[in-house]
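To keep things clear, I will list the structure first and then write my remarks on it.
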Amino acid sequence: MRALVQFYNSSVGKKLIVGLTGILLIGYLIIHLFGNLLIFRNDCGKAFDTYAEILPQVVIIRTIEIGLFLIFIFHIVTAAYTWLLNKQTRDQNYKVRKPGQTSPLTSRTMFFSGSIVFIFLVVHMRQFWYNSRYEAGEHYSMYEVVKTTFSEPVYGIFYLIAMFLLGFHLRHGFQSAFQTFGLRDKTYAPIIEWCGIIFWLLIPLGFASMPLFFLLNF
Amino acid sequence: MVLNSKIPEGPIQQKWDNHRFNIKLVNAANKRKYTIVVVGTGLAGSSAAASLAELGYNVISLCYHESPRRAHSIAAQGGINAPKNYKNDGDSIWRLFYDTVKGGDYRAREANVYRLAQVSGNIIDQCVAQGVPFGREYGGLLDNRSFGGAQVSRTFYARGQTGQQLLLGAYGALSRQINSGRVKFFGRREMLDLIVIEGQARGILARNMETGALESYIGDAVVLATGGYGNTFYLATMAKYSNGTAIWKAHKKGAFFGNPCFTQIHPTCIPLSSDYQSKLTLMSESLRNDGRIWVPKKAGDKRNPKDIPEEERDYYLERLYPSFGNLVPRDVASRRAKEMCDKGFGVGSTGLAVYLDFADTIKRNGKEWVEEKYGNLFDMYHEITAENAYETPMRIYPAVHYTMGGLWVDYNLMTTIPGLYVIGEANFSDHGANRLGASALMQGLADGYFVIPYTIGDYLASTKFPQIKPDHPAFKEAERNIQELIKKLLSIKGKQTVDEIHKRLGKVMYDHCGMARNEAGLKKALQLIPQLREEFEKFAYVAAWEYKGNGLNWELHKEPLAFEYVKPSTRSYK
Amino acid sequence: MNFTLKIWRQHDRNSKGKFVEYKASDISPDMSFLEMLDAVNRDLAKKNEDIIAFDHDCREGICGSCGLYISGRAHGPQRGVTTCELRMRHFHDGETIVVEPWRAKAFPVIKDLIVDRTAFDRVIQSGGYISVDTGSTPEASSIPIPKANAEEAMDAAACIGCGACVAVCKNSSAMLFMSAKVSQLALLPQGHAERKIRVQRMVHQMDKEGFGHCSNTYACEQECPKKISVAHITRMNREFIRAAFW
């Protein structure tokens, strides 16, 4: 236990936690996306509704949900904590800074992009998860809820922005995690970079396709 | 005063062994009762401080920089010699010994040089064990290159950063001892005086350069490892902080200065481009392994080097020294380059440069090969001159680079002041009148790792030390004097900056005391040379100078040199 | 060439600093950045003013003493050079150049442009070496090391400890510096005996000195005058995980 606490207290340990939880969350995103893609089945949302109905009734899913929730908390708290510590490493900042010349924007804005994604997440959970779980009546159709929500421009666009920032977050986050795991060496770096495209580009695009679909009234 | 070199008895191969057996040892339990002050943290200083602390002594280590790792040993590029004979080309301790004595123009002590050659192999073992990433062959074994003045490949290297890697190795060893508490390290301190009490060196006075305060450091012996005095020439390859103050102050306190005239002019430096320049940059001599030196056959030929056809080029080193070619010793290469330029064959805008051409090597081995071996040097050359040396030949010119002279020390590396030891470039010992390439790193580390840890014990074990406190009158007096001196210097408020005066001093040195002395001096030299030769044929000696006070003449002491094993002759590299 | 310089002046550790403007005139494009400052200092000295203090020594890019934050870039705009190697030809005539010291809590300013980088030494002292006493060593060629490993170890060992990595890092992290040493010694069989304890001690000391976390922006690699790769950080992370769990 002491070793674990020591590990967590070290700078490298904390980064590892952030990376590891981050990768687990990305894993969840894939499952989430594949379920959601049922929305595009041309059956007026039947399959999607069934999926949304059955999901909470499986015990294992409920358990995983709790784990996921903890992972989220761990990711956010640790990342915010390191951000706070990092803020304190420089009493006085430079008068002239040209960070754009030495590092990509995505890498310097993880806290910002993460925060927006977090806000999105709260809204998102309230909108879909909480409502469906605790305020749903007899004839609750998730498909209908999704449709009405996404058809509303303010919501739809907010979702799109959030997905853009998620991609932004993952653009750096995915390969960065492997760097922290010590795996991004000369051989694996290009592979990680290419695989990263699935995660930072295709997944957010997949999610974004839903509000786009309803916004454009297909 | 008769200079006693204390060379041990016996045949040369056994002198060091005999000596190690005969000298007194400090009991392991007693070592912690002694404190040794080591000034400087270059190769010699770091290795000495670490090795002494490993033995159990208390060590006080000081340096001018914030960190021991910044000492100027770090700038040595080419390599370090050891007669491991890995190349099976006939190398041996004897050959390294012979080459070094001969290369030094028969002005070094045979016994010292032999010891140096003996321990040089251990240095490589030591450094490899420390994790110094020496260049290796594909089979995983250590690689060697050949270096100026040697016909065998005995030089170990870590790209063009050998000095850096060896220093970082020694710095690691020192750091380990700092961590263990046996070395107390003080950075940003400049030694301003040596404290001699009852005839023994007992400490130093140093200035804390952050606060300006003068601080006393007391020990039972003092080891100076503060480097050479090449910066008297202003434009040298030395670092700006390598100011020679420490040995000068020790000299003023009575340590004899050995062979001060022996300064080495390095042949492969980037030529001076204008007079604002603050220093010259050296490029490793290893470049001469694969580069060919030439000048146009026609004096004043200002054509682009690429337009000068092969038959109109004079590869003068290859012409004059067919067997050594471009790898003649440094002094020879420098002198010939200067001669060529003086005769008007020099190239570049100032006419003070010769070409070092890699075109043939690139044709033979490809650009990648050259890049791997010398990439950093080519980059450096490009950054300074804005010229691409892969395309056009480099321009080089000799510059002051090393001082063979230094404080006189005996076989134990002790000066004429009991308890004051001098190691590394700061002493005069092993290189005679000319140092061969890749020998400075070898000597610095030999002194620090393998000589001083033994010899200092002999002195400590056989000497009685009175208790001394920082308020001892000797410290108080030194502090007063230095305080006064600083006040005096600061109150001059002259019209010229220190740098400008230094620059002028450098010019005087270069003009009259550089590679060639002034015209009158040369004419006089022509009369003196036959006399000198006559004298030399009778005996060779070490000229050790004693400081008698400001305004008084120095007194010359001579230590006759005996050559039993190497027969002095006119050095030939044909 | 002529330049306007805005230089950070600070009397000592405890006083508050400020920017002061200076003119540098008649500067040759072949001058190094430090020689340009020498020229400014010469004029200041002649006016009996306090000269600008900056660290420097070898002036050939290897000692790691110099290090200035020049108009928003550590060691100036060129890649792979130290401040002393940087030539004025890389600036425009008439340009205003802002010169600042490295800024990090772990590198307090001592005077003007000089900072205290002894934190780096303490990180090395905590374990950045192979514990071997003088003399107790096997014959050098008894340990064959694959050339590729030796070369990579050399890449890491090229670090000059200038602190540019910390200076440019938005978190003032010393990961590149620390990892270069860990990686060098992890690549060599000689370093394996202590690999576990070494990485743990060095990370611990680095944290203690007040350096920040690494957030993998890789800016350090861009500004490193010796172009040390962040692949060494990767290896160091691996060493750290290995030390914790294996």
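For reference, chains read A, B and C in written order, and residue numbers begin at 1 within each chain.
Keep this in mind: contacts are C-beta pairs under 8 Å (C-beta built on N, C-alpha and C of every residue); 3 or more make two chains touch, one makes a residue touch a chain.
This structure is a prediction, so every number in the text was calculated from the model and none was measured.
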Which of line, ring, star, complete or other matches the graph of chains that touch? line
Nearest chain to the global Cα centroid? C
Chain whose Cα centroid lies at the greatest distance from that of subunit C: A
Where the centres are mean C-alpha positions, what is the separation of subunit B from subunit C, in Å? 27
Between subunit A and subunit B, what is the gap in Å from one C-alpha centre to the other? 61
Need the CA-centroid distance for the pair subunit A / subunit C, whole Å please. 36
Which residues of subunit B are in contact with two or more other chains? none
List of subunit C residues in touch with subunit B within their complex: 28, 30-32, 34-35, 38-39, 41-42, 45-46, 48, 55-65, 78, 80-81, 85, 87, 89, 110-111, 116-118, 120-121, 124-141, 143-147, 150-151, 153-154, 157-158, 160-161, 184-185, 188, 190-191
Seen from subunit C, its contact residues with subunit A in the complex are 6, 19, 69, 71-73, 77, 98, 100, 103-106, 168, 170-173, 203-204, 206-207, 210-219, 222-223, 230-231, 233-241, 244
Residue positions on subunit B within touch of subunit C in the complex are 47, 50-51, 54, 65-72, 74-75, 84, 86, 121-122, 124-142, 158-159, 161, 164-165, 168, 171-173, 175-176, 178-179, 187, 210, 237, 239-241, 273-274, 276-279, 281-282, 379-380, 383-384, 386, 449-450, 453, 493, 495, 497-500
Which of the residues in subunit A end up touching subunit C in this complex? 3, 7, 9-16, 82, 85-86, 88-99, 101-104, 107-108, 110, 172, 175-176, 179-186, 189
